[in-house]
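Before I ask anything, let me first share the structure, which is written out below as structure tokens.
Per-chain residue numbering starts at 1, and chain names A, B, C, D and E are given in the order in which the chains are listed.
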Amino acid sequence: MTTLQEVAPRERAGVRREALYFAVRNGKLMTGLGIVLALLLLGMIGPLLVDAAPNQYGPQPMSPPSGEYWLGTTTFGQDIFAQFVHGLRSTFAVGVIGGGIAAVIGMVVGFVAGYLGGIVDEVLNMLTNIILVIPTLAVLLIINAYLGIRSVAVQGLFIGLTQWPWAARAIRAQTFSLRTREFVDLARMSGSGTGRIIAREVAPNMSSYLFMTFILLFGGSVLIASSLDFIGLGPTEGVSLGLMLQNSTQWSALQLGMWWWFVPPGAAITAIVGALYVANVGLDEVFNPKLRET
Amino acid sequence: MSLRVSELRVYYRTLKGEVRALDGMSFDLADGEIIGLVGESGCGKSTLGKSLIRMDGRMHHVGGSVELDGKELPIADDRRMNDFRFKEVSLIPQYAMSALNPTRKIRKMVGELLKSRGAALDAAELERRMDQVGLPREVLDRYPIELSGGMKQRMVMVISTLLDPSLLIADEVTSALDVSTQKAVARALLGFRDSGYVKSMIFVTHDLALTHHIADTIMVMYAGKLAEKAPAHVIVKAPRHPYTKLLLDSLPEVGVRYSERRLEGIAGSPPSLLHPPAGCRFRDRCPLAGDECAEEPPAVEIAPAHHVACWKA
Amino acid sequence: TGGGSTPTPPANQTQGQGAATANPDQLPRSETLYTTGTQWGPPANFNPIREWDSAVGTKGLVYETLFHYDTTASKLTPWLAESGSWTDDSTYQVKLRQGIKWSDGQPLTAKDVVFSFELGKMETVPYHNLWAWLKSVEAVDDQTVKFTFSKANYQQWDFNVYSRSILPEHIWKGRSEKEVLDGVNENPVGTGAYKFMSKDQDRVVLQRRDDWWGKTALNMEPKPRYIVDIATPSNEVALGMLMQKGLDLSNNFLPGVANLVKGNFGLTTYYAEPPYHLSANTAWLVPNNTKKPMNDPAFRKALANSIDVKQIVEGVYGNLVKAASPTGLLPQWEQFVDQNVVSSSGFAFDAAKAKKMLSDAGYKDTDGDGFVENKDGSKMNLTLIVPSGWTDWMESARSIATSAKGAGIQITPDFPDFNALVEKRSRGDFDMLINNERQLSNSPYTYYEYMFQLPIQKQQNTVNFARYDNKKAWDLVQQLDQVKTDDIEGMKKITSQLQQIHLDDMPIIPLWYNGLWAQSSTSVWKNWPAGAGAAPKTGAVMWRNWFELGGFESLTQLQPSGS
Amino acid sequence: MRRYFGRKLLIYGLTFFVAVTVNWMIPRFMPGDPVASMVARANVARPEAVEAMRAYYNNLFGFDQSLWQQYVNFWGALFQGDFGLSIWLFPTPVSDVILGAVPYTLALIIPSVLLSWVVGNQFGAYAARRKLLDNTVLPVGYVLTAMPYMWLALLLAWSLGVIGGVFPVAGGYSFSMRPHWSWTFVLDLLHHWTLPFLSLFLVALGGWAIGMRNMIIYELESDYSNYLSALGAPSRLIRRYAFRNAVLPQITGLALQLGVLVAGALVTEIVFAYPGLGSLILNAIKNKDFFLLQGSFLFIVLGVLIANFIIDIVYVVVDPRTRAGMAGAQA
Amino acid sequence: MLRLDDVTKEFRIGAFGGKTVAAVRSVSFDVVPGEVVSLIGESGSGKSTIGRMILGLNSVTSGAITFDGRPVRGAKEYYRHVQGIFQDPFSSFNPVFKADRVFAMIKQSYYPAVPEQEWAERVRSALRDVRLNPDQVLGKYPHQLSGGQLQRLLIARALLLDIKLLVADEITSMLDASTRIDVLNLLAELKTRGLGVLYITHDLSLGNYLAERTVVLRKGGVVEMGLTDKVFGDPLHPYTRELLSAVPRLHEEWGDAAAVDTCLYHERGAAEGLLEAEPGHFVACAQLESC
């Protein structure tokens, strides 16, 4: 997983316009975003194109990709392309929900701990450390198994609830350095309260950083969800790329040579997460002049 | 003749165009001479310093040449320039506080650095020089983090001059220090020159008063160009360029009180170096400006070793 | 040993057992049988009392039973017993074979048999209930055991004589109840043809005893010198290993294996065409008879007619299973199926008919959503639960929901965790579930017991999950138990009545027969059981309790492929 | 120093307590009764017999006591090193089950964590600011980190196992082997270990490489690097220094990633049917084997905590800044 | 107006909060309306800490700071009367917002009722007061303005409030000489309006230029204080002397005051207090006579 860097002090000149200028010229950012958007689009409109329900049995089981079935069919004749596009949706959903929840918690904890410092920080920091050290997948396994996760949304929720600590830690560190900036003092002297200062002074200064945090959390959620799906602890309703992988292995696609069943879902997860990471590095370069290729 | 800079132009590449940070600087620096380089923030002082030793990625050499001890310095060629660095030209950077690798003990770092430049560490010499700047020897066995700002500053001074370069560039080495430390560091620099560790020195600062105590010659820059260059006492006592004069006028000295004498600053602000106006760059703020100032004034030697770039001088 | 680092030459046959133990680190491939599909984790114990989770082969290979049961001939095969017979209506006498020795050299005597059965007096021993109708067990002499019954349940008794391990009294005597039930029983001493050689995380290794009594007494010898049973974590891994020839026999459910059997992969199954496997048990759809509308036989019958089992058999299983007969009786019990009853009261998939039955019974789609409502007009939405992760059943449940939709019944499949399902099942907190927990046995009695047993408890743990309350049926089942096992006609008379009740009331709905999954590779061992030709007709399974049903005999029929 | 480690220990202690408590609680508040399913598996026909067994096992496992009492007993037993009996693998003691599995898991995790860290860091450091490498090799790194562990595992199994036949796709060692100390056996172990190791190693490798690359770029832009280049130090030296400093955050990263890597190992073990904690935990969950689950979880938590503690110590040793900070010197 | 009584501030330091340093020790002085008090001392001597405590941005470990007789709290009402300006004008503005947002923030908190129109007029007049052309500076981002402009924006901001006391912490150190003098002049004008100014600097000449009274700090404690003329004209404490001699002056050579370390003066304990050498001129030197 890519590690987040400190936000280097920015050059004062024309931060925004410059960012845009470099953004559109940054190959990494553009390729990454391009791939993600293409897959997102496929997940959005794909289900409208195929009329087969993703789990509906079809007449031609185990057929390789063809004009009729773009990605072939499963042992049950299900249209893999239909599953794939629906799965893309769930994958994005899990990423957004898991990443979003984790980002929100991470932000709240990070901001509050970093800004208030003192005993609040100690307590929150301890909480963060505790959750950070607990192997979350193992906990998720247990929770998932016993709560019987039904929907992608609930899965995302649980992933989000366990994923936030490193984000909190990173945001805390950033807040720590930002709160010593004098505009924060100035805001206090303008009569702004804590919440306001965090929301209006600190957070806007880290917007790119927060966005990058979200991207990493998004990717992490997708990967964790796919692991859970794979070991059979995924949502019991709906389709997801991880469930497709699980199904393909459970029905021995590997041994039966049905590569078209297990390659696309894994490739899509890799593509989404990888593209996000690449875009993230690109973003880093955009916002951080030191990283730009000179 | 130790250093000769002629018509040096170094620009920064930026999105909006080229920043003409050095736009035709010429000056000479003799052996044993210390030049104090003063000027407003952003006038190109650091750029000059960097050009002489290592240009960063955005700088590029547009024109002019630099000669050191009769040899042309290939300032635009990073690779060839490497032979001169440290041995011929050395630097005490503005960021001396963070110039030392935080995870290496100083002795080790110095040793490795010297070895990489093909020189051996002469411990006795090193310690002698440390004594000279008043650094205890155990500093060598500490991590930079364990030193105070002034100590780091002095340590960097010692390191930078270990190979007895002929030119030393000291960029704002004292601005972050309080007056007493400032004094100690400044004295140490003088001592280095006197002991012959460095032949000549460019001392960059924006503190005219301080320069006066160190430098033999003071060079005033304005907006990427030379404004005035003269022996220190001449600049202080009989400045000829209007900018120098106004600058001196705005310096509160100990003893000057608002209630007694109200000092005035220079109205206006320096021009952008992105698209500098033609002619004299100080024209807009100059109380003496006249029509001839639409033309760029050449730097003229109006008295021995006194160069001024002003039509009115 | 003195050999040092020089590799020892391959052991020759004459050295026999000695040689094998001399170099036990690497088993000779040609003499070893690799199996999988029974064990899912590290071997936990070697306790034959724990018939459900002891290490593979504990009962059947290491410990043995008095009889085996021949499923094709439908009769008991004397095993440790030389013979067994009813001397009167309530006394059963067993004569033991001469010369059987425990693996520690002690002779097997009637006292061991007495001891083994008397262990059942302990309340927690699984066959404790035997003593509800067994009065006493006595050793008449060293070779003769006399069982006296307070009530002679012939059908159950036959089941017991081939199911209960005989344990060495001289070793087990004095073990506490806790030890008997919970003991690991390291270093088991049995009479069987194998002994445990080693175990590890994912395997047990059994080694043949060359002094096994059966060699002479039965003129049988299991061919593999070593049996290694592997715990594979999943079916697909088993399939992979089978294809890599690392395994000889997989008793896993391997979807898609049909393709491989047809292709040239050196894999065989019992049949070369659908259903490929013998049948091992029936998968039932169990409606909760105490809940509306499943408490209505008319509804249950309509439900039975609404399920397209063919779709499951072909779609989900790729023809690896067989659709069940309306009676649910396994093919091996075909003779007990009363065709008259079936043809008059049987059912088959027919959505239109199901629809009609529903509306005749008063279930109508009043709100026009395509699904019928309860009689009182309330919405009907039934949940069908199968354990999460049981993919084939999950698919089947989905398939059932789809075909029931055709008849207007709304079923939602739900996949709770297995344990949650067990809990719901025993508490009766479900609408419908799928269950197959009764295996093939010596008698349809066990099936009807499963279907009709009374009284209904608060917790129904193993039988009558449907909570079907029919006194008459249960009486009939008990009567069936009292019929001597060789009185086929007497049995039939009762079973056909039971079939009538079953088909009229449809307490549980048979769906399909699960296979006796056995995929074998012919690369090292051949002559695997097969339906065609002269091949053995027994089942090639290592599942617990199946060695007595022909699994062991299959081992004796194997031939090395190399020779 | 004392205070520092005191604090760390406090956090670790709390973490341990919380983690173990959560793990103790969750299964007990969830539906499903392990004894019921255990008894169901026993397939005993008679209701009375079933009841007797249930009662017996409930008593044996202490489920008939109040939850609070069970909790207290749990800690009491834990401090005596008693993890209880496994329900699923009854009556094996949990500690035996886990000790049987742990060597395999450790054999996978330790080399893959350490090697991927070392190699990934070298690799990233090497690629940083070298245009060609950066643009060709690092995308591979991104792809690797973005891969779900099991998918990479599947691809490896499929290509090198099923199709290539170079490596076995399942098991810890050949079925024909019995564990003993000989080269053949060790080679056989390695042969089986290769693919699961690779799948863990490769995914982690990409992550470290990218992390290091970014770090190094920052360090190469730092003041001390600039100073060194201004003095004409060769880029080899500069990179070496940069590496040293960039490695420090990576050490912290290692601590943060441990939990994730453990999780990856669990999934990989499942794909390759590799004996280890992975399948154990999965089965414990399926069988509601509280005790085994607690034990495995405890082991993982302990492992992660110990590893974290070691990393903490290492960090203090390698980074003079933390030491200076502890000595009270001012930055 | 503002009084500091025996104010002490301790910070927990070290990466793990294991130790404390006393950044400020037993400092007492006061600021009256219409007066500039300059606070002078080397780096780390606790000047900023005192300023921040006065502004309620740091808590006080012991002692009391009172403003018009009431203890200081960082409350909204307090900031109506007391404002601060810091060293770095660039970091005093949130870089992602326009610079004139600082005015909007004040309006929102303190003058919500004032109509927009009137407020705009007030802002413009305050800007003119600090000699800024409102059209040049309004609606710009901080990076589009020079340090001097920004610093003056901050002063204008303070003027918009009904302030009585301004804490100016090294507000000129980032400015070049000519801008610096403009800002100093502006401060000097403020005091003629009756404002009290606490002017924090390490540049003696600047302190001297403005202040009526001077407080010299060393290592958190006051070493000398009194009227600027006295302190600078007749420094009693060797440290003050040393400081003064180290100041580079244009027309004089560096004098060599007694090196600090050879002098025996040291920080006196808090209890001992300062000696009043002459009326209104306090000094902390145990060996004053013997020096």
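One rule holds in what follows: a contact is a pair of C-beta atoms (placed from the backbone, for glycine too) under 8 Å apart; a residue touches a chain by one contact, two chains touch by 3 or more.
Owing to the predicted nature of the structure, the values given are computational and were not obtained by experimental measurement.
Minimum number of contact steps separating chain A from chain C: 1.
Common neighbours of chain D and chain E under the contact rule above are A, B. Note on interfaces B-D and B-E: more C-beta pairs are in contact across B-E. Work out the mean CA point of chain C and of chain D, and you get 39 Å between them. Taking the mean of the C-alpha atoms as each chain's centre, chain A and chain B sit 50 Å apart. In whole angstrom, the spacing between the mean C-alpha positions of chain B and chain C is 93. Between chain A and chain D the centroid-to-centroid distance comes to 22 Å (mean Cα coordinates, whole Å). Those residues of chain B in touch with two or more other chains do not exist in this structure. Within chain C, residues 234, 240, 243, 389, 416-417, 420 each touch two or more of the remaining chains. Touching of two or more other chains is recorded for residues 13-14, 145-146, 249, 254-255 of chain A. Only residues 24-29, 32, 34, 40-42, 44-45, 50-53, 123-124, 126, 128-129, 132, 181-184, 198, 200-203, 205, 228, 230, 232-234, 237, 240-241, 243-244, 246-247, 389, 416-424, 426, 437, 449, 453, 457, 459-463 of chain C touch chain D when the two sit together in their complex. Residues 40-41, 149, 176-183, 186, 206-210, 212-213, 236, 246-248, 250-259, 262-266, 269 of chain B are the ones touching chain E in the complex. Contact residues on chain C toward chain A in their complex (touch as defined above): 234-236, 239-240, 243, 254-256, 259-260, 311, 315-316, 318, 388-389, 391, 395, 398-399, 414-417, 420. Only residues 1-3, 5-6, 8, 126, 129-130, 132-139, 141-143, 145-147, 166, 219, 223-224, 226-227, 230-231, 242, 245, 249, 254-255, 259, 262, 265-266, 269-278, 281, 284, 290-291, 293 of chain A touch chain D when the two sit together in their complex. By the touch criterion stated above, chain D contacts chain C in their complex at residues 30-34, 36-37, 39-54, 56, 60, 85-86, 88-92, 97, 100-101, 104, 157, 161-162, 165, 168-172, 174-180, 182, 184-185, 270, 273, 275, 279-280, 282-283, 286-288.
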